Every structure is written in C-alpha cells, then in structure tokens.
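Okay, so chain A shows up in both of these, paired with chain B first and chain C after.
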Partner chain A sequence: MTHARNLTFAHLWVAFIAFTIALVLGVWQMWARSPLPAPFLTASTYFSSVTAHGTATAYVLTTFMVMGFGYYVAETALARPLPAPRWAWIAFALGVAGTLMAVVTILTGRAAVLFTFYPPLIASVFYYLGLVLVVAASWIWCVLMLIAMGQWKRANPGRPVPLAMFATVANAVMWLWTTVGVAAELLFQVIPAALGLKAEMDVGLSRTLFSWTLYAIVYFWLIPSYIAFYTMVPQAAGGRLYSDTMGRLTFVLFLLYSLPVGLHHLLMDPQQSNAFKFLQVALTALVSVPTLLTVFTIGASLEIAGRLRGGRGLFGWIAALPWERPMVLATGLAFLMLGLGGFGGLINMSYGMNAMVHNTSWVTAHFHLIFGGTVVIMYFAIAYAIWPTLTGRAAPSLALQRLQLWLWFIGMLVMTLPWHTLGLLGQWRRVATFNYADPIIAAWGPWVIVSLIGGVILLASGLLFVYNLLEFNVAREPNAEAPGALYATAVHPPARVPATLNGFRLWNALVLVLMVLAYGYPLAQFFIIKSPEALVHRVDERR
Partner chain B sequence: MSDEPDPRDRPWRLWASVAILSVFAFSVLFGFVLLPVIQGRGAGLDAWTSICRALGIAPGSPAAPQPTSDAKAQPTTRVAWSAGLMEALARPSAAGATLASGCAACHGRDGRSVDTKLYPDLAGQSAAAIYKQLYDFKQGSRANPVMSAMAQPLTEEQMVALSAHFASFPVRAIAPVDLAAPGEAIERLVARGDPARGIPACNACHGDQSGGPVEAPRLTHQGTQYLAAQLRAFKSAERHNDIYSRMRSVAAALSDGEIDGLAAFYSITLAY
Partner chain C sequence: MAIAEEGIVRSELRWAAISIGVVSVIMLAIIYAGLVHHINPPSNIETIDPKTLHLTGEFTEPNLGTRVAADGQITSRIVATQFTFVPRCIVLPANRPVTLRFATPDVIHGILVTGTNVNTMIVPGYVSQVHTVFTRTGDLLMPCHEYCGLGHSEMSATVRVVPPGDFKPDSQGGVSCDAR
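== the complex of A and B ==
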C-alpha cells in the first residue's frame, strides 16, 4: 500500500462531504413536511433541496464510494499496483467537475426535477451534463477494474481471482449494463429537450428506459456492503468465510437478476402490459436467492467465528461474537435493517399491495431504510476498517465508532418506521408541505415529528462519523495490520474454480439474452405503435 | 480476459443456462398464457384475446369485465396540444389582426372588453387559453348563443391567428381607487385551497408560477360579474368543457359568497 492511497482518500472524502451536506438537507426536508414551522420554506426551495439531497446521496456518495473502495480492493486484494492511475485521476476530476456543475445548477433553482428526473419536467441542461460527467467517470473506473483483473489473471493463470476483486468486477460489469438505460434516456430524450431541440417527448419510453437503470443502480450501491459481508466480516469476527463459491454465485446472481426486472417500478404505469410486468416481477423474486445465500453464508461464517471463540449451544455463538468490533456490530445492525426493509420490499413488488402504497411515503421510507440503513452503515464500517491501513494509524476510539453506528441504527428506525406508517395512512410523497389544519392530516403530525427526531439523530451520527475519521489525523498509535489482512480466508480456500465463476463471459451472454427477452418488446412497442408525446415542461424558465 | 475452455467447465455453462432459461420459460408460461387465459375466462374472453391483451398488443386489461352500455362517451374537449400548435400560438400574425375586427364589437379592438360585466378581456390572456375556448365553441364542447355562431366558420389556422393576436396586447390598467384588500379567507382559498372540502389552491393552476395545465387562463384583469358568472356556470355544470371536471368539482364546492369573493379578488388583483 499503496499507489491508490490518495486516490481512495480523495474519492471517499468527496463521497462523505456530499453525504454530510445531504444529511443537513434531509433533516430540513423532514422539518418542512412536519407541523413545525420551517425556515426558508417554499415549494421551490423544497424541491430544489430534494433534488440536491437525492443527487448527493444517490449519485455522488455512492459513485465515489464504489470507485474509491474499488481502487482500494484492486490494489490490496490483488496485491499489485493499480493499472493506469493517471486515468483514475482523470476520472476523479471528471466526477468532481460534474458534481460541481450539477450542484451549481440546483442551487440556482434551475433543476428542481428530483434525482429521478420525472420527464416531461426538464431542468437546465447543465444539471444533466453534470450527471453525465459523473457517469463517464464511473465508466473509466469500470474499465480500470476490468483491466486490473485481466492483468492479474494473466499473471496468475488458473488461479481463482480473489473474491473481493471478483465481486468488484461483477459490480463494474453490472454498472456498465445498468447505465445503458439512463444514458439512452438522457442522450436521446432528455438532453435534446433541455437544449430546446425537442418540444415533445415520449414519457412512456423515458420511464421505461429509466426503469432499466433504477433497480440495478441500487445493487451498484449495495455491492460494497456485500463485499464487506463476504470478505471483511468473517475476518473481523475472527473466523473464516464459510464458502467462497457461495460468494461468487451471489455476485453473479446479482448481475443476472438486478437487470431484467426494472418494470416492477412501473407496476402502476399504463404504458407496459401486464404480462411483461408479471415476467419481470417473477424474475425480481429471484433476487431473494442471492440474498438468502448471503444470510446463510454470513450466518455460518459468523457461527464458525463464535464457536472458535468458545460459544456453545444453539445460540451461544452469537453472544460469543466480538460485538465490540465496529465491522461485526455494523453487520448485525445492517442485517436487522435488511430484514425489515426486505419485507417491505416484498410488499412493493406485489402488484395488489403496490397499488396501495405506490405514491405514498411508504416507498420513500422503504428506500431510506434499505439504502440509508443497510448500505450506508456498511459504508461506515468499511471506512473504519480501511482508514487504519490508509493512515497507518490505529483507530483512536472504537467506543465512539460503536456509538456512531448505534446512533445511525436507532435514528434510521426512529425515522423510517413512523414514515412507513404514514404511508399506510395515506401520506403522499413528492409533496412539499401538508395542510395540518385538515383534521385527517393533523393526525399525521405527531408521527412526522417522531420521524424528524429520527432525522436529527441521523444527522448527529453523520457528524460523529466525520469526526471519527478526522480523529485519525491526531492519532499517535501506529496501525499494526497489513492491508491484505482485512480479507477473510475461506474454510476451504479454492485451489481452482470453474472458469464460469472466475470471469463474466457466460453471465454477460445470459444477461444479454434476458434483457432482450424482458425489455425487447416493452421498448420496441414505442417504435411500433405510435404513442402520444407530452409537451416538454421546463422548470428553469418560470417567471 | 481469455479463459481457456476447460472440459470440466462445460456442465457449468450448460446447467447455468438451462436453469436461467427454465425460470424464464416458467415466468412466460404463467404471465403470458396461464394467468391471462384463466382470468380472461371469468370476463368472458377467449384465450387468444386474453393473451393479446396481456401482451399489450390488444387494448384492455385481462381481468376486469367491461360494463356494457349503449351510451356514447363524449370528450369534454377535443383540443390536443402539440409542440407545433404551441409554437404557432406564440407568433402573432397579420391574418389575426384582420380577423380580429369581427371580434371588436364586444371584446374591443385591442382585446379590452367593451363591457367587462358580460365579455372577458382578451388582452394579455394566454393564447392557449383563448384558442382552447374558440375550439370548444366551434366543436360544441362549450355553448354560447353568440360565440358558438362566431366560432363556427373559423378554420384552425384562423383560431390560432386570433388567439396569438389578442394575447399580444398589454393587459388593461386597473384604476388604483378600485384596489382593495380581499378577505383573509378568500386569500387562503387562492393560495392554499381548502383540503377539507377537496378544493385545491386556485394558484395551483392559475398562478403566474404554476406548472398547471397549458389551457388554464389568467384570471386577473377580468370583470367581477363575468368571473362569478363563469364559476356559477361550472357549478351548475351548464359549462362543462373542463377536462376531468376540474373546474366543475371546484366550483361545486364553493359557496355563493366565496364565488363572489373570488371573482372580486381576481378582478382587483394586478398579478398573481
């Protein structure tokens, strides 16, 4: 370690700065929707804030985190320098430039379209171009990851690619597939409209293209957490990974079943037919396979660790686990949130129940619990795990790290559980304010305030997280661990794995087949049947 | 990344493909064939129609039986907005000026009504709003003894030209002595509506900064009596050319006092 040290630092700090700003905005948004009078509140400040919050968390935090962590894994798991670090820095510069471009556009009130765009609403073209730059940066990252794995394979013929790197490349391959949908939407529909070249657009087509991206992008955010589950958690718990093959299968299945399933976001949309909705929902259900494989494998790995530490009996091993270690604690909390969020997700993907919750706060609460909860708490744990190897210093205070993780968990539940309830009560989403003079809406008030308190706890936790990282700068005790020691060995370390589980050729072919079958006609219909187009509605030109 | 083919890997490739394609085939069998056919039977549909509907190549949802009725549905309005139309409406032309002489007797030469109690001001009105009403008068979606007859002979181009022409004039000045503060209750209706009665804010569509329907007219600078008469016509559904009954449902929820208050509010408000 490491040429990638500064690269990882730079990416993660951009991610965490965007994240901290997003937290402040998020709390203000909860406040705006509550019965308590919030400052600066108008509909346009609210929607600009939501756009900034979504852009910062969904595009900036995640993309920079995935890239920074990817560079780290490529160097530490493969134990060789990163290929073409100059290109990695060019990508970083592109990403930062794109982020600034999008942020300035949002701050000037010219991009209040939310991060999911909602055409025919059209923002200033600079907002979209900023995001295109961020995506272009991530594409460079994808290519670098593929090259890094290719070079390692040539240098180590016949040997299995280390699981952490295999998973990182799985994510890169998936991301290249994922971004095709949104890139097509932006390049052929949204950006021409933003430039004034088109005055009408086919909203059905743009929503279908965005759905292509919308589910897989969540797995792009999630996979760093799964990499930590498979490679870092068993080691941190003092055990071994139960099965390396299960890990490979899991990442391959995520690649396969996060893509041809996006229509489940469009269950209430009229432009797609029931049969294709059914097909994609059925494929969505298969995401439960890698999820349950992971619960089983990580459960078994932790059990090995607990028993090695002297745990006895049916559940004694759980108590024997080293819960004082942040990575282990974060995993426990992440699994609890994944369980709750997963059940909520089953409701969303069921047609009839989706009809009831579709446009309510339930959905917002769901993705905050899964993404803000399970995914982000593992981002914290990853940062805590790799910071000693990056700074060369041991963590000054594990107690503060644990406090931060607990605060995040408690804050997330206090915020999202009432939020789910509000959705069931009928509170609609994408709305700036509520008229609490209405007796029905007045009854929501107390729940919204509880949610707001959860948001404040999350903000406190986020600030403590930044403080904990800054503490490394004043720490004195050197870090004794080598970076490679972060990754767990499997119970049966693979001497050889089938080529199928050591590369992505077969899986790319199968993704292609599934995508053509699942998305071919749903997209082709827009060109076969002439559909009505909507007038473009600019949000950057209002008086 | 050239993986050398290894005979030991063949079963992997084969079974992975078989497993994934079987799942796909299973989903297709259920989603494209079994469910539509079984559900369609309940709705009295034959198998072929059910499958076509499920695929989206024939209209209709497979499960719901359609009620039978001899009634012929009538659209509330036949106006269809398009980018080309919006562009044409933004360009005043000489043709519009010539045609406008026929309107001057009531609406004034420069779009300022000769009697604001009876006729709306067209000066400064949005071209889309004027066009929509002309179109509706011509098609019969809206009826008025004078206007229906006036709109009848107009071609589409003429209606566009007239709308663009009148929209290009500046609005009428309001005498400062007429300006007065509206009641708080009326202002609340305009800005926030009354959710308890299902009334949205007037501003949501008619405000300057709203993102409402393109055809929503500007309400300021109109006569009090004219505005009140239109709200009452919507309330009684005598006027019914509003898509989704938007204005009919709002007006039906308003009291007589509120109708007069709102009409007065808009007639003495410079901009909103």
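== the complex of A and C ==
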C-alpha cells in the first residue's frame, strides 16, 4: 500500500460525507410527505432537497466509492503499484470540483430538476457541467483500471487476472458503455438548451438516451458489493470460493445484460413500441441469472466455511458461520434485502404489470432496498474490512460495527415495507406534500409515519457508521493482517483460464451487437418519424 | 478440500439450468398475460405537436372531457399542463370499456388513477392512450405522478365513476362533472 492508501481514503471520505448529508435530507423529505408538519417546507426547498439527495447518493457516493475501492483493489489484488497515480489525483480533483459546482447550484435553488433531469425542464448549466466533471473523473479511473490490468497481464503472461481485479475492470468497461447514453443526452440536448443555444428539444429521444444509462448505472454501483461477495466474504467466513470460473462468468453476464435493458424504465411511455419494450423485458429477465448464480456460489462458499468450522447437517453449517464478523453479518443481511428487493423488481419489469406500480412508492421501496440496502450495507462492510489495512490499526469495536449493520437492516425494512404497501394502495412518487384531508390519502398517514421512523433509524445507523470509522483514529491495537489476505482463494484455484474469461475483447463485441439490436431502432425512430419537439422550460430564472 | 472440480461445475450448471427455467416461466406468464388478457403497456407512438395542440385538432378546448361517439365509444380527452389538468374532473361510466387520451403542451407529466391499473406517462410530442373498464363507482384520484416543476405536488384531477344508468350524455355526446 503506497500510493493507493491516501487515494482510497480521500475517495471514500468524499463518498461517505455525501452519503451522510443525503441521509439527513432523505429523513426530512419523508417528514415533509408525512401528516406531521415539517419545518423549512416549500416546493423549492423540497425539490432542491430531492435533487441533492439523488445527486449525492446516485452520483457522488457511488462514483467515489467505486473509484476509491477500485484503486485499492488494483494495488492489493495485483500486488503492484498503481500506474500513473498523478492522473488518479487529477481525476479526484475533477470529481470534487464537479461535485461542489453541482451542490452550490442546487443550494441556490437553480437546479430543482431532480437527478434524473426531466428535460424539457432545464436547470442552470452549472449543475450539468458539475456532473459532467464527475463522469469525466470516472472515465479517467476506467482508463487507469484498464492500464493496471494490461500491465499485470504483460508481467504475468498466461496467468488468470485475480478475480477482484477482473471484476473491477468489468465494471470499468461496463461504465464506459453505460455513460454513452447520458453523455449524449447532456452534450447534444440538455447542455445546449441550458446555454440558451436551443429553444426546443426532442423529449422522446432524451428519455430514451437516459434509459440507456439508468439501469446499467445501478450495476456500476452494485459491482463493488459483488466483488466483496466473491472475494472477501468466503475469506472472512473462513472458507474458500466455490468457483472462480462462475465468478468471472457472473461479471461478464452483468456486462452483457445490464445494458440492453433500459427500456424497462419506459414501459409506461408512449414513444416506444411494445415490440422493443418486450424485447428488453426479456433481456431484463436474463439479468436475474447472474444474481441467482451469485446467490448459489456464495451460499456454497459459506457452506464450505460453515462445515470447516464444524457445522453438521442440512442447516447446521449456517449456525456455525462466524456471524460476529461484520463482513459475514452484512452478507447475510444483504442477501435478505436482495431477496425482497429482487422480488419487487421482478414485478416492476413484468411488462404490462408495471402499470400497477409505475411511479408509486413501490418503486421507491424497490431501489432503496436493492441500492440503499444490499449495495450500501456492503459498502459499510468493505469499509470495515479495508480500514484496518489502511490505518494499520485493528477495529476498536466489532460490537458497534455489528450494531450499526443491524440498525441499517432494521431501518431499511421499517422504511420500505410500508412503502411497498403504500405503492400498491396507489401513493405516487415525487410530491412534496399530500392532502391528508382527502379520505383516501388520510388512510395512508399511519404507514407514512412508520416509514419515517425507519428513516430515522437509518440516519442513526449512518451516523454510527461515520463514528465507527473515526474511532480508528484513536485505536491503539495494530492491525496484523496484510491487505492481500482479504481475498479468498478458490476451492480449485485456476492455473489458467480461457482468454475469453481473462479479458473483455469478445464481450465488448457482443455488447455492441446487443446494443444495436436493443437500442438501434428505438433511437433511430425519432429521426424517422420526425417527432415534434417541445419548448425548453427553464427552472433557474429568478422571479 | 474434498470437492472434485467436475462436481462443482456440474452443480453450478444444474443451478444455472434451474435459474433459466424460473426466468422462462416468468416470461411465459408475461406473454400469456399480454396475449390472452391484453395486459400491455400503453405504446401507441402517436405524435402530436405540443406547440399547437391547443389551437387545432383533437385537443382543442371544446373537445376535452368525456365524449360518447355516434358508435357508442366512450373517450375522455385530457390535457396535462403545468400545473393542472384540463378538465380537472371527468365523468365515466362503470363496467363499460372506456378510452383515456392525454397530451401535454409543455413538459413531461404522468398519471395514475388510485385503486386501478390506469397508469401512463404523458410525454410532450405524443398522445398517451389507455383502455380500461372501471369496476367501482365513486370519486377516484388522478394525480400527476411525474415531476413537472415546482407546482407538481398540487397537480391533481378527479375521475368520477358513475353507475351506467347515471351516465347521461348531452345532445353533443358530452358528459361533464358540472352538469350533474
């Protein structure tokens, strides 16, 4: 750990500061929507808060976490220094500058367009430019990850790239593909409109371009968690990874099937045909396969660990697992939330059935369970696992770490189970307030208050998380473990793997084919049918 | 480790086959619902110019609200605009097939009707169309469910579902909430 130590620290702290601010805003937003009177509540404060919450969690927490963890993996899994660390610091500076630019624009009330933009609503150009800088930073990271893997492969000809790094590069490659959609939307449509160069825009096209990004971006956030599942969890549990090959295949499948499926976010839209909606629903169904493979492989890896520790019988190995270790506990809780959230997701993607839940609290519940639940709880576990190797000190209190994880799990369930119910009752998303004088809406009130309590528990957990990390600064006991010891070996460590599972050339070609098939006509149609354009509506003009 | 590599591969392949089987069953159910029960998304790709829709054609003011055509077809036309619906209340009969048609002159909106599966986005440039049969009578909420600007939270309409016997079109085939 030479260069990457400070890089990882810097990135993860930016991520966690953004996360903590987002938690406070999230609780306040739930308060605003509840029957209880909330302070500071106006339409402008509410929607600026929603914009900030989405920007902080979806763009800042995730991008900085992925980048920081990527640098860590590149140095520890490959056991060699990071190439061009100066560029990594340039990317960090770009990302921080972009974040600050976006935040200041939101705080001045000139960017209440939510993190998903909704053109022809147009915010101040500085909001979009800030986000472009964050994405540019992540592109530099992608290139650095590709260079790091390339250098290692040249130094170790014929040997399989360590799984943690293979997965990190899979994420980098996927992210380069993912950002094409939003980059095209911002550079060709939104930013020209924000600069006043264009007075009209094709909204169907912008929605389709954004959908290109909007699903795969979730896998970009998710992959650090899956890297932990495959490489850190079997080790923390005291076992072996059941199958290294299946791990590689899983990350390749994510690369292939997270991209050509974004139209499932537009199932209720009038500008896309049933044929392409159905095609992308079918491909969406396939993306559940790598997740199901992961559940099996990690389950089997944990069973190996449980039996090595003396677990007997059909389920005895579960009780024998070292649940006192935060990584193992987080994985158990993450899988429970993944199960619930995944079940909800299957309903969301089910074509016509989406009409039952589209833009209701059901959807909010779904992605908070998957992202806020499964993904973020593994971010916590990753931070707890790597902090001793970064600080050189052992964790002061595993009990507080476990308490924090449990609080997160309980808070997430208390918040999202009522949201699922409310969504089925028809409670819609993205409003600041409800008219509780209406008898239909009045009946929702108690559920909304329960979900608010869940939010408060989540906030408490988030603050405890930050406290737990700060505690390392006063810890005395040195950490005995070497960073490389975090990663599990497979039951049968591969001596060689096929070239297709040691690089991404073939898979990039396949992604291209799938994207042309899935998005070629849905994008081209706007130029064929000459769709009418809509007038730009600025939200940043002072009144 | 006493587990042979072939055993691991075989177990993984077996599980992969089960996973693909589960996914196939889900897809078959979706296809069945689409073909037999006509549960499909609203996807008519019908363009309309948002800048002129209030001046000419189907979505001019006299045509808005519920109309019964000469052939008995019941259609309600609604304009969604920052930050209201025109009209703010529509009347429809229970237990009869009805069509809802929406368009917007400005930004993205969307609607759902509480307690039903009526749900669509309203995107400038397109007409959104939903076919449905309301089974319960009473006043249902039809809020805007997509962020459309700072007044979004106040944007809401009412769908008044009446017993078929109380659904009485005027001489032009129109039915409005005011007339009752």
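Basically, the second predicted complex is superposed on the first by the 542 of 543 C-alpha atoms of A that agree within 3 Å, B and C clash if a C-alpha of one lies under 4 Å from a C-alpha of the other, contacts with A are read in each partner's own complex, and residues count from 1 in each chain.
By our rule, a contact is a pair of C-beta atoms (placed from the backbone, for glycine too) under 8 Å apart; a residue touches a chain by one contact, two chains touch by 3 or more.
Please read these numbers as outputs of a predicted model, since none were measured by experiment.
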| item | value |
| --- | --- |
| Clash or fit (per the criteria above) of chain B with chain C on chain A | clash |
| Partner chain in contact with A:505 - chain B first, chain C second, else both or neither | first |
| Partner chain in contact with A:146 - chain B first, chain C second, else both or neither | first |
| Partner chain in contact with A:300 - chain B first, chain C second, else both or neither | second |
| Dominant contact partner of chain A by residue count, chain C or chain B | C |
| Which superposed partner A:426 touches (first chain B, second chain C, both, neither) | second |
| A:199 touches, of chain B and chain C: first, second, both or neither? | first |
| Partner chain(s) touched by A:492 [first = chain B, second = chain C, both, neither] | second |
| Which of chain B and chain C A:273 touches, first, second, both or neither | both |
| First (chain B), second (chain C), both or neither touched by A:464 | neither |
| Touched partner set for A:77, first chain B, second chain C, both or neither | neither |
| Superposed model, chain B segment overlapping chain C, candidates 21-29, 75-83 or 93-101 | 75-83 |
| Intersection of the chain A residues that touch chain B with those that touch chain C | 272-274, 277-278, 282, 286, 435, 438, 441, 525, 535, 537, 539 |
| Chain C residues within the chain A interface of the complex | 1, 3, 5, 8-9, 11-12, 15-16, 19-20, 22-23, 26-27, 29-30, 33-34, 39-51, 82, 106-108, 110, 112-115, 117-129, 141, 143, 145-153, 156 |
| Chain C-touching residues of chain A, taken from the complex the two chains share | 43-44, 46-47, 112-114, 118, 120-121, 202-204, 207, 240, 242-243, 245-246, 266-274, 277-278, 281-282, 285-286, 288-289, 292-293, 296-297, 300, 304, 346, 350-356, 358-360, 425-426, 428-433, 435, 438, 440-441, 491-492, 525, 529, 531-535, 537, 539 |
| Chain A residues touching chain B - in the complex, by the definition given at the top | 146, 149-150, 153, 198-200, 256, 272-279, 282-283, 286, 435, 437-439, 441, 498-503, 505-506, 510, 513-514, 517, 521, 525, 535-537, 539, 542-543 |
| Chain B - residues contacting chain A, complex | 1, 3-6, 8-9, 12-13, 16-17, 20-21, 23-24, 26-28, 30-32, 35-36, 51, 53-57, 61-62, 81-83, 86-87, 192-193, 195-196, 208-209, 211, 214 |
